[in-house]
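Per-chain residue numbering starts at 1, and chain names A, B, C and D are given in the order in which the chains are listed.
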């Protein structure tokens, strides 16, 4: 090889790949947090939202030849509807919700979505064209795909939109109020059931975006959800459950840890390295890096 | 109360009717256990499709010496426990005379004790060498998947011819990848080739950049990517992205045109050993396999409207080998087994020559080295 | 054990003894044997979840450790299967102790994540440590178990043996629940502060019951290895841990019988589905096994939506109402006769 | 007060910037009923939590029968003879009344996980003893007729009784009662007062937090008044009733 060798270039390359992985974990984790804040449960079907988003996008762009932008919007809308349906049909009817029961329900939903995706899209792996070409760009010697830049940009956009939504819109503020104290929010006239529905819609939407932007790089098949969900859950917990900005940082961190671990320690134990660190963080700080133990006490199992 | 009664009656009717439908003493019952759904469904689905197609063909032509062929197809979901249950169900409940499958090496290994104990011949579609070795312990087990070592030998011979002697290997952590990794490490020495980087990736992995950079750092002259999962098509994309231009060799697990499609132009020029089914069109007419290959490809692609794959080919070979044996000796499992050991068959995977010592029947000449050219598999010429 | 539970236990024993006489086909026995393995792990998990109130989505790892300890020691080092199983038990006790002390300080979702993380780490190690575990290729030629020099070769023998172990497990579980320790655990579940104020060492109790439930899982793994004679990482992934939790929740969290019924139900469900497809095809209805996943998920969802306390409570509840209505009508007729 | 069983020395507890207990020193005499009174938020429950090890003091120390309690875990403190109840009743609602009290016998029995689960016949004797002791407590408190009901189904008054019975099953030397009469009606309050008298006669020292002044003045041997985490007065009930500081603290200026 030529001048591109060198420790610095490698570090840079790992960093880029790590952030790319981590961006997806971050978005999955944000989806987890939204539902967690509204209901106190972890939605095990979050990874399936990502899968559905990716597969839907593949169909719209590859089979129906829609433009990327149009397909993007359509897919997100589709997933928002799916999220609302999930909440109305499986979460809302539950009369005495206990956390474990709701979690098992989300597991059941994830199995159903997986089964449905398998029937509709088949078992094969689906690929789609990159948003803007596959010719990788040079970045101080490291190589970066245009798609990777898209991923960074869209993550940034989602985070900004998230902050704006929760800090500057009435609905967003109501959702935050519900997350902090549901009873008080209800007394203040906020319809908490509606907020739960909204949280499902939004987190399905974020899942869809994650699925759409990652599919050109990783390809999508019906069974990918579990792994994405697990990693996203890890990021959410690492960042402190309920803390979405913490989740973004933790997600990116987790991605970088994995890439560095694979590059410098051992690809055989790549995933284990990140998990071991995650466990140690939990053992030292039982409520995640950015979580407060007070908030944790409010939402016990 | 009434409703329950009706339900009971309905169930009874179902049991009764189902048992009469299957009670056909003339028929030959063959069991198939494939990973039709689940994590290895890309193996099981073409296999299932293939056997259903052939069975229909056989029955339309009057069966086997007049006996209709009844297939009992079970889905293992690629899961060991389900595989054990499926094979047991086929043997004990459906009373099949032989079993085709399972799709994965792991499920085959789990099912082997069941078939052996029940003394029912089983033709596995997986490729790990341990399935049929040591042959004394595998009296009842045959396989149609080629040995990994033969595929590896083809690659190493090509490397010798091109003066490549320091390589990096990249394997998937599935039974297929792990068996390949073992074989590569074991026989590389025979060819004077040194493995200077040994990396793995998970079937669920999405990015192999880190592994490829580690390989690049060692200065390897070529990469062998040995895997059967869809994730393997990411490897060539990552190489293209990293501008890593050393030759890429793939395993016979790459022999699925979908993988090449997924990898896009990054897969151009990679070299891999495969059964000749993948490049029938570029095969010379006097090759003995030309006829069966063309026939199978044509039939499969017109029936299912999708590309033929090596894995469906395994099922094709397994079923025809079994049917030929059924023609000769009928459906007594012990006789079938003895007959299988004397089988010679020109099939999709190659020319099978089973013997008492060899329950795999293929050798390294049954592989051809292929490459990807313009998005198609062609026989490598150099 | 007392009252209803001992009646239930008696019924279980009779059921175990009678089943192989009613079910002579080895296939069905085989399915029930696998159900026994899951039952055993679920009974242990139920002690932890239902009685001590601690969730663990990591018990698949203990099953794996049991199976692999047995597999490695017997197939590679030719140890006695019993000794190997004992080593598996000791190993999980040590591991559960080391994991439990920091992990059981966590609560709710954090504990769930920690145990889930543990399960995936164990799975990754099992896949990657090729020299020890055989990696994805697994371990072959694991011997069958022998009982007093008598090898358990047939499915019937193994059925009796494995369900015997399950019965023993249930016996142990009920003893524990109705003991000083069991009351302590339920107290912890009710109020940790009150339990501590009565002198119950909460951490120690949680860790102890965690270790006990890990032992159940480990034994179930060992039995699996001796039955299938081959292990690879496939059956021990994170999905298996989640499945075990689901089994316990579906059956009924707060009752050992619930855990047992949940485990049996979800172990048999996939086989039922494969029958379903056969019957539908026999009636000429095209049925693809692809729908299995969908149906499986739907059944799970329906149970959780309509039987919030699990199948066990659902069944006993409706049985109870039937019994009471029968009693009522009997009482009425009796009254008339007087 | 040479005969003290519990000694608080310069005890201090900060929660963040808030000082809940401020350099408080107090000696509790053996065999007496001592009441802690003071307005809401004065730090009474914090003192209970400090004594029973649920929170750690920021500084200062606690001595029980001559032993320092600093850094001890709640269950260890229970084992050396301090029982307590909680302000918001903390019974085990799903267990029966009887079982609740049997939990209280925890420290007076020994069976560990192995013996409990594997060899119960060896434990019959112990189990029988636990039951007998629990029954004795039930009779003592007049809850015997409810023995097999789930504890959660009892009315609040009985739940408070049960909680005390459970703590008594521990056979403590010191019993901390956190507002035992709150939420009770007049009749129940009188019964509670009688119960506390009986406990005193059993030679158990009682430390009481209570807002019902009539009850406090009626049954206490000694009263300590706390405001803003500080001890503002202590002495026999009659003396306290006359104390100007106390009246100011309760009624404001």
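Criterion: a residue touches a chain if its C-beta (ideal position, glycine included) is under 8 Å from a C-beta of that chain, and two chains touch if they have at least 3 such contacts.
What you see is a predicted model; the values in this text were computed from it and never measured.
A.B. asks: Using the contact definition given at the top, which chains are in touch with both chain A and chain C?
C.D. replies: B
A.B. asks: Looking at CA centres, what chain is most distant from chain D?
C.D. replies: Following the centroid criterion, the farthest chain would be B.
A.B. asks: Taking each chain's centre as the average of its Cα atoms, which chain lies closest to the overall Cα centroid?
C.D. replies: Going by the distance between chain centres and the overall C-alpha centre, it is C.
A.B. asks: What whole-Å value do you get for the distance between chain B and chain C if each is reduced to the mean of its CA atoms?
C.D. replies: 34
A.B. asks: Between chain A and chain D, what distance separates the C-alpha centroids? Give it in angstrom.
C.D. replies: About 49 Å, centre to centre.
A.B. asks: Determine the centre-to-centre distance between chain B and chain D, using the mean Cα coordinates as centres, and give it in whole Å.
C.D. replies: 73
A.B. asks: Among all residues of chain B, which ones touch two or more of the remaining chains?
C.D. replies: 37, 173, 200, 202
A.B. asks: Which residue numbers or ranges of chain C touch two or more of the other chains?
C.D. replies: 127-128, 290, 292-293
A.B. asks: Looking at which chains touch which, would you call it a line, ring, star, complete or other?
C.D. replies: other
A.B. asks: By the touch definition up top, name every chain pair that qualifies.
C.D. replies: The complete list of chain pairs in contact reads A-B, A-C, B-C, C-D.
A.B. asks: Any idea which chain D residues touch chain C in the complex?
C.D. replies: 52-54, 73-75, 78-79, 83-84, 86, 90-95, 99, 102-107, 109-113, 116-118, 120, 123, 126-127, 130, 163, 166-167, 170
A.B. asks: Okay, in this complex, where on chain A does chain B touch?
C.D. replies: 1, 4-5, 10, 13-14, 17, 20-21, 118, 123-125, 127, 134, 136, 143, 145, 214, 217-219, 221, 223-224, 227, 259-260, 262-263, 267-268, 270-271
A.B. asks: Over in the complex, which chain B residues touch chain A? Could you list them?
C.D. replies: Those residues of chain B that touch chain A are 37-39, 41-42, 45, 173, 199-202, 204, 206-207, 209-211, 213-214, 216-217, 219, 230-231, 233-234, 237, 240-244, 258, 261-262, 264-266.
A.B. asks: In their complex, what parts of chain C are in touch with chain B?
C.D. replies: Residues 25-27, 30-31, 34, 127-128, 130, 135-138, 140-141, 153, 228-232, 234-235, 270-271, 274, 278-279, 282-283, 289-290, 292-293.
A.B. asks: Mind pulling up the chain A residues that touch chain C in the complex?
C.D. replies: Listed in rising order, the residues of chain A that touch chain C are 36, 42, 44, 90, 93-96, 98-101, 104-105, 107-116, 118-119, 226, 230, 233-234, 237, 241, 266, 268-269, 271-272, 275-276, 278-279, 282-283, 286-288, 296, 299-301.
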